[in-house]
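The data blocks that follow each hold one structure.
First chain A sits with chain B, and in the next complex the same chain sits with chain C.
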Partner chain A sequence: MKTRGLLWLAIGIAVLVALPLVVKSSFAIDIFIRILLFSFIGVAWNLMGGYAKQLSLGHAAYFGLGAYTSTILQVDFGISPWIGMVAGGVVAMLASLPIGWLCFRLRGPYFTIATIATAQALMLIFLKFRDLAWGAEGTTIPNLGNAPLMMQFDTKAAYYYVALALLALGLVITYLIERSWMGYYLVAIGEDEDAAEAIGVNAPKIKRHIYLISSFLTALAGTFYTQYIYFIDPATAFSFSISIALLQSWLGGSIGGVQLTVYSLILMAVILWRPTGLIGVATEAWQRYVTSKPVRA
Partner chain B sequence: MAEALVIRGLNKRFGGLRAVQDVSFTVQENETVALIGPNGAGKTTSFNLITGFHRPDSGSVSAYGREITGLKPHDVCAHGLARTFQVAKPFGAMTVLANVMTGAFLRDKNTAAAREQARDAIEFVGLSAKEQTAARDLTTIDQRRLEMARALATQPRLLLLDEVMAGLNPSEIDQAVALVGKLSKRGLTIVIVEHVMRAIMAVARHIVVLDHGQKIAEGAPKEIVENPEVIRAYLGSYVHPPTPGET
Partner chain C sequence: MWETVAQAVINGLLIGGIYALVSIGVTLIFGVVKIVNFAQGEFVMIGMYISFFLANQFGIDPLVSLLVSMPVLFVIGVLIQHFLIRRVLGPNDMPQIFLTFALSLLLLNLALMLFSANYRTVHTSYSDEAIHIGELYIPVAKLIAFVVAMALSGALWVFLHTTDLGKAMRAAAQNRDVATLMGINPNRVFCVALGIALALAGAAGSLLMPFYSAYPFVGQVFVLMAFVAVVLGTLGNVIGALIASLMMGVAESLGIQYIGADSGLIVVFAMLLLTLAFKPTGLGGGRAR
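Moving on to the complex of A and B:
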């Protein structure tokens, strides 16, 4: 059983590594890069949201901080985004301390709402304070052609491998955490925080620690994405849809299995075809069959 | 005998309700003490006050010579006081082994050592056969066993058991009583909240009776069952005052 698992793992790695050698369409590679990147953010988010069930919808905050830190360092000071990437991670970790301190006082949906607010607040800061970082118009990253030291490549395949490396990093960290005491503590907190406390788990401290790791990894993704699209502005860097998209990639995959995939499909179907939800359907039916008025005048 | 747990003048209000009023008692080392009383007497609240889940309005709790009033639950546990819950709270998604290992990590962060420690605790409560079962699939008594194993894995000196026998059938109660006796023989000090009188008489050497948040009696089991105050609390007063006008 174990050797079979390892075999599948090896095949999976081989396919992922060989993919850009086989697929030559740059459009297809672009899609794969985005898939890898969002998988990576999903993995970072899963450490908190999946194991410890702390449903943050504010990870765009760290994505954006990572993106802005490396871009400011590069455009204003000429520092390589490779260094900026790590610096962005550190900035995100520092930011997660006060944000975590505030948000972890709340539990359940209140925690989630608070995290949305922090991401939105950061976006507004970067939008309104023009002296800080170009305001609403954002900035483009100077194109240096093929400059690997500045995280710029002339082939899409190179970006693909960077994204793949990030995902591998995220998965290795997840694996190490899952097998250690930390993994047990995280699941225990997710299952029942009071019971975890009763057997000596310092729940607030563990949550702060995993938040640090999760925000660091998310910030790395922010730097990469900005380097990849050569552009940054508050709306893309702190986009709420990043928080949502990674939630979807999590719903669709990492821990939930088939059941959650079905839920996420239902969710998407409702959003596409019934954006008004159950209330909308009920109102429509009421108007059509009971009051006999036309649905829309 | 040394004092394991000393509780002095404990008070807790929830709005207008005085849940615990001026409760004091002492638990000696290696002793099994039962905390009894009718529903709403303040037993579970007392547990929560001792283990840090609630902060008392006034009064003090000290264990093994150290003041633990107002500490967080995990600190209380690190100090050697482990508790179980009235409604079992297993980590449902985890196996029995993983549940108990989570407790064992308190004293040793090494996975192999924690697994070893956890296996001992699981064997002690008699759950070895279900080591790999998901906790959510256990029966009520096995969930209680799991809670005890998880608490034991933190290597406590004092164990607080909150109604471990609620919802069990008579033969299961006998098993649970035997298990509590075994824990006591192991040298653990035990405070037990219980409604099942048969069980209390079998395990407790000392009983504290609460009613409406106040301690109304304390003593050996034999004294307690004959105490008029206790009988009144459980059954109501027997003699009604004469109605005016009645002859």
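Moving on to the complex of A and C:
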């Protein structure tokens, strides 16, 4: 069974790696890049929202901080976005400390509202300080042609592999966390925070730690996205729809290029009829029709 | 000097009345049904479009179309509770947050599809009128909106405290299980709560129409303010939401006056973050979950 699982994993990886060699349409590759990117953000968000059930709608804050840190370093100081990406992640981690301190004292809807407010407040700050970050008009990233060291490539396939690598990183980190004591603590918090605390889980500390990791990963996505679209402004970098996209990719896997109306209809249908999400439906179907295991009620 | 301050305070109070209608709706739903309605702003938007189309097609004054937008949204609220929210009520609050969120996205994007992103305005005879008191300037449309908003809030308070249904709602808000044991039908109470909350949002939309543009994203402005107000005024506390909304209107207006036109919201968010840091239960007392 174990070897079979590994076999499927190997096939999956091979397909993903070979995809740009087969698909030549740059529109299709663009869609795949977005799918990979939003899957990656979804994976980062899932550490918080999925395992510990902390419904943050403010992850755009870290996406934006990552994007701005690398862009400021690149445009003003000529530092490569590869370094800026890590720097952005560190900035996001530092920012997550006070934000986490503030938000994790709250639970449920209070927490969600507080996270929205922090992302919005950051957007306003970046709109306000024009000297620091170009204000509302934003800026374009200087186009250097094919400069891999500056995270700029002349083929979409290269961006595809970067996005794929990010997703792989996110999945490996998730896998490691899930298998560690931390993963069990997180699930315990997600199931029932009070009960978890009663058996000795230091819930605020665990939540702060996972928030650090989650915000670091989200910031990496911010840098990549800015490099990919060559443009940054507060409305894109801190957009509410980034936070929402996280939810969507988490719930249903992302579907690039479809109208948001369809998204939200699917989202509502999934919530009403299958609160476990599309993966839950797939698992159920798999168990029912393929492995014919009894389905858990 | 004092005139500038007074003018800013007046502007803030007048717009605060509209914020109050939206946030009272959010806080009522939270208090009674225990869910956060992220779609509340979109119902303001629907109220605005109802008034816009009635004014545009039939020449009906936005203040009169209040009589249409409020009942329509009341019915929408009842339907949403009965067919959507009822299905996700339970100990886990994730599906509830997702549901109202998805609803917000759906309405927003439907509006974009149907009405396009254009700004729509209604011009009324009193849109440009203003009352001058000494140096102070009070726009008539905003004054009417404020007065009607306060009247509706007052009517809600009377409803909650004097009628059987209102008392049943407050009982369900305090303890759903005990209220059910006392013979209160929770779904019926929830339907009415949703209906009233959405009717208030619709009223806010109609009242805004004489001096504000309708566009699909307009709800986002108000819902953010409403969230801040309900947290500031303690989630579930109607009077708290009302007072907090007025305070925020004033804070925003003073921020615009003294820091810069783009900074009104910064003051508001600073207020929110300070409240969360030092008194997370809000100014209305009570305890956070």
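In the analysis below, the second predicted complex is superposed on the first by the 252 of 297 C-alpha atoms of A that agree within 3 Å, B and C clash if a C-alpha of one lies under 4 Å from a C-alpha of the other, contacts with A are read in each partner's own complex, and residues count from 1 in each chain.
Going forward, a contact is a pair of C-beta atoms (placed from the backbone, for glycine too) under 8 Å apart; a residue touches a chain by one contact, two chains touch by 3 or more.
This one's a predicted model, so the numbers in the text were calculated from it and none came from an experiment.
A.B. asks: Give one of first, second, both or neither to describe whether A:24 is in contact with chain B, with chain C, with both, or with none.
C.D. replies: Touch status of A:24: no partner.
A.B. asks: Counting only touches as set out at the top, which of chain B and chain C does A:198 meet: first, second, both, neither?
C.D. replies: In the superposition, A:198 touches chain B alone.
A.B. asks: With both complexes overlaid on chain A, does A:106 touch chain B (first), chain C (second), both or neither?
C.D. replies: After superposition on chain A, A:106 lies in contact with chain C alone.
A.B. asks: In the superposed model, does chain B or chain C contact more residues of chain A?
C.D. replies: After superposing on chain A, more of chain A is contacted by C.
A.B. asks: Determine, under the contact definition given at the top, whether A:179 touches first (chain B), second (chain C), both, or neither.
C.D. replies: first
A.B. asks: If you look only at chain A, which of its residues touch chain B in the complex?
C.D. replies: So the residues of chain A in touch with chain B come to 179-181, 184-185, 187-188, 190-192, 194-203.
A.B. asks: Looking at the complex, which residues from chain B come into contact with chain A?
C.D. replies: Within the complex, chain B contacts chain A at residues 51, 53, 72-74, 77-78, 82-83, 85, 89-94, 98, 101-103, 105-106, 109, 111, 114, 150-151, 153-154.
A.B. asks: Please output the residues of chain C touching chain A within their complex, sorted ascending.
C.D. replies: 30, 35-36, 84, 87-88, 92-95, 97-99, 101-103, 105-106, 108-110, 113, 220, 224, 227-228, 231, 235, 260, 262-263, 265-266, 269-270, 272-273, 276-277, 280, 288-289
A.B. asks: Show which residues of chain A lie in contact with chain C when the two form their complex.
C.D. replies: Within the complex, chain A touches chain C at residues 53, 55, 57, 102-103, 105-110, 112-114, 116-118, 120-121, 124-125, 127-128, 240, 244, 247, 251, 259-261, 263-265, 267-268, 271-272, 275.
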